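Chain lettering (A, B, C and D) follows the sequence in which the chains are written, and residue indices restart at 1 in each chain.
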Amino acid sequence: MLGLIKGMIITWKSNWRKPVTVQYPDESLPLAPGYFGFPGLIYDHEVDEPFCVGCQVCARYCPTDAIFVTMKDNPKFKEGTSKRRKIVDSFELNISRCISCNICVEVCNFDAIEMTDTFEAAGYHPDVVAGIPALIEMSEKQRKGVLARPLKETR
Amino acid sequence: MPAWIDAAIRVAIMLFFVFNIVMVLIYMERKVLAHIQQRLGPMRTGFHGILQSPADAIKLMVKEDLAPSSADKWVFRSAPYLVFVPIFMMFVAIPFSSSVVIRHLDMGLFYLVAFSSLSIVGMLMAGWGSDNKYALLGGVRAAAQLISYELPLGISILGVALLTQSLRLGDIASAQYPLPFIFAQPLGFVIFITASLAEMSRTPFDIPVAESELVGGPLVEYSGMRWAVFFLAEYANLVATSAIAVLIFLGGWSWPFYALEGVGWLMQILAVAWFFTKVFALIFVVFWLRGTLPRLRIDQLMTFAWKLLIPFSFVNLLLTAAAVIYGTAILALVWVATACLGYTVYAYARSR
Amino acid sequence: MALDRLQTVDMTINMGPQHPSTHGVFRMVLRVDGERILDCEPYIGYLHRGFEKLSENENYHTVLIHLDRTDYLAGFCNEMAYIIALEKLLGVVPSERAEYIRVIMCELNRIASHMMFYGALGADAGALTPFLYAFRERERLQGLFEAVSGARMMFFYFRAGGVRIDLPDGFIRECRRVLDAVKFGIDECDKLLTNNEVFISRTKGIGAISAAAAIDYGCSGPILRACGVKEDVRRSEPYSIYDRLDFDIPVAYSGDTYDRYVVRMEEMRQSIRIVEQCLDQIPDGPFMGKVPRFIRPEPGEVYVRTENPRGDYGIYLISRGGDYPYRVKLRSPCFCNLMALREMLKDCYIADSVMVLGSLDIVLGEVDR
Amino acid sequence: MPNEYIFDYSAVLIAAVLAFGTIFLLLFLSGLLAPRQPSRAKGTVYECGMLPIGSYWSQYHVRYYLFAILFMIFDVEIVFLFPWAVVLKELGSFAFNEMLVFVSILLVGLLYAWKKGVLEWK
């Protein structure tokens, strides 16, 4: 009977503790500094174009084939405003296939892609493919201050 | 007013009361379990999820009522009636105060024991009629468990009947004004609580519905309103059994304050409030146990009933009878027997 | 006795794949007589993804993302085995700091994994609360994993020669804080179940297996240690920096469900000890050793064993040159442990089947691969 | 006295009828409100997502039966014990001794069953 009573005391005590639940959509836990959400495309503000040149390395290494990239000649290169000879034409990330594994970031030779905090990609639309504008927006959001978070106090 | 109209009104009020208190209890159980587990429990429907139970009731009401095509239709469909009706009938004899009651039956205690065991048939039918192996196992387990615990339950109640020389629940409650029977009948109380936990199929005796192996036992094929009736019956049984325990062991509405026996409105309301404070405290303990304990196994459960509870309940009965005949001092021995029971459980678990 | 001579028809019950207590999509077909199990036939393969074949088309590092998904409760430990194998093949020596980081993460992962076991066993026994308490503790640890590797379960963190990224600032302080909380949590979990009479009667003497039989079946890890065999790869073939660390190997002797539980509870405490030592000793320095630009090992083969939370986790890696491994063979501890289930379930009750299965702590991702 | 008896116990009958009617009403309402789209898959029994192996209609082991027999004996005993308990004080030690004999005969029976291993679930 002693163990039983001990257990009862434990549950009684935790009855009065603060619940650890976080009511998710209303409030959410702080993300860790290096959290992997979905990858986003980094934007080169100096030349006003993404860093990505559409070399397809990430698409090749992607373990789930979630990335589809095409490349085109860079019009700004002809104008002389950009040093990039080629530029990304279309970059499609299939959000429903992406496993946030960071491989695309590691293999990128141009440092054009980064992991963002965006992980809530669900919505009431069947379109789960993120194009260049969405991916750039994800990266921009990331750069606005969220990057320099301290290590969160885990509970 | 003719007697039958009076009875019908009282029964209708009681039905309304039972349905509502069941909703309160479901909400309470979810909240208690949640806080024991450091969760919040239902929070979305209304303030702190207070409308969760009505929402669930509506959901169950408009849910499709499925039955396996191979099930024995009549047995399957009539099982919920046979579970709920006997349990509700127990409320006929349960007084909430000296005059808030449907009827003060002169054989109240016996009546309760008789009706508490009837719902076994419903559980067995649910298990048998579903054409499902889990349900069958659950149904047979339910039958084995409920009949085994029926005995210690009945015998432990007898001690109280011996002391009061009456089976009227009102008399029994009033007889406990200076000292409730839990002090005179500690062994009876322990056995009664244990056995009624098993009768209600609640942790640690929730073996018939063991969701970790039988996935809900006899109820596995039920859905929608038909399933809700079982749920209703389970919680109604919880209220009824806790009320009985309060009535016969914890002093009903009288102890420890002034014997709230007067006929005035205020007195009656106070008595009912005090009575339900005790009932809810007891129900809280049941939920607390559910939050703490694992489940026993069917063979251990049967062994526990037949080798420990039944012999000890006879010890309690004979000691109490001897006390009635030869003097109250013998009741001290009941405390010794209680300690023996506790030590036996402890030693058994250690010896393994 | 006369009862035994009465003929009854045995009933055959499916437990799984869609069953709340079979820890994933495991299926066992039980032949029962009343409540008693006469025979148990396990069926596996519902979660088969062809990990070994998939790995042949991945380059040496991206194999890790599949490995994380084999034993998804102990990603760091899986990565550890593979990375050691890869390093041996490459002839690369990891940096000192990386070794410590790896051991810290592996041991934290072991605690998280055993916590999962604790919660699941409690739930199998019918107790609701242990599961939630276990997840409370896991949550703390997973906060650390997230901070270090960026992911909560599928880490992809170790690399040949080191780790992907250094520990975040303030990690050591935060880790100590979490460890103190987890220590308290383990004690609480311990008090809730270990001495509980109901739990003891449900686990003691249930699903017992002798040491000889366990060895014959190829059991390893806590299952084997619960039978009284003091075998732990961290001690018998020390890898990484385990030979510098001071910890005990908990052993119990009756080989039943309760002993497996006790061994795991003690292992969690030992893991905390290991992590604390590592936090004291961890040197500054680079988190990556000297690694060639391209991971192209010379032809050759290597077999590496490590101690996973579930037992002896082996990686057999063959290279024939080039970017892709020729063969990645996984010796899965869960698979071997599961083979003993039939023997353990002899003369058990139906209710015990889920308990014994829970005590094996299988992860179907690893069994089926 | 008979009047009082009828007054008390007619309520029991009324309670049974009303409780039965309420459940019937609930199920009837649910039948009106709930959708009904039966399909073959919905009509199958739950067996963990697999088709059932063999029939559930199997013989069950006899040990349940033995418990049921034991239960019958003791339950009948309880029926005798209730009236005895109420009037024990009036009847005095004679009734106590009589019941002692009665209970011990049954307890010997229980001991016998125990000894024979009926209470075990081998």
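Definition applied: a residue touches a chain if its C-beta (ideal position, glycine included) is under 8 Å from a C-beta of that chain, and two chains touch if they have at least 3 such contacts.
Owing to the predicted nature of the structure, the values given are computational and were not obtained by experimental measurement.
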Most distant chain from chain B by Cα centroid: A
Pair of chains joined by the greatest number of C-beta pairs in contact: B-D
Centre distance in Å when chain C and chain D are each reduced to the mean of their C-alpha atoms: 47
Averaged-CA centre spacing for the pair chain B and chain A, given as whole angstrom: 54
Gap in Å, rounded to a whole number, between the CA centres of chain D and chain A: 61
Geometric centre distance via CA averages, chain D-chain B, whole Å: 14
Touching two or more other chains - residue numbers and ranges from chain B: 36-39, 133-134, 215, 291-293, 298-299, 345-346, 349
Residues of chain A engaged with two or more neighbouring chains: 1-4, 7, 10-11, 14, 20
Two or more partner chains touched - positions in chain D: 47, 52, 56, 60, 64, 121
Sites on chain C touched by chain D in the complex: 1, 3, 6, 8-19, 22, 27, 29, 33-36, 349
Sites on chain D touched by chain C in the complex: 47-50, 52-54, 56, 58-64, 116-117, 121-122
Residues of chain B that touch chain D when the two form their complex: 3-4, 7-8, 10-12, 14-15, 60-71, 80-81, 84-85, 88-89, 91-92, 102-106, 109-111, 113, 130-136, 140, 143-144, 147-148, 150-151, 154-155, 158, 161-162, 165-167, 215, 220-221, 224-226, 228-229, 298-299, 302-303, 306-307, 310-311, 314, 317-318, 321-322, 324-326
Interface residues, chain B side, partner chain A - complex: 32, 34-40, 43, 288-289, 291-293, 342, 345-346, 349
In the complex, chain B residues that touch chain C: 33, 36-39, 133-134, 137, 141, 203-204, 206-207, 210-215, 290-300, 345-346, 348-349, 352
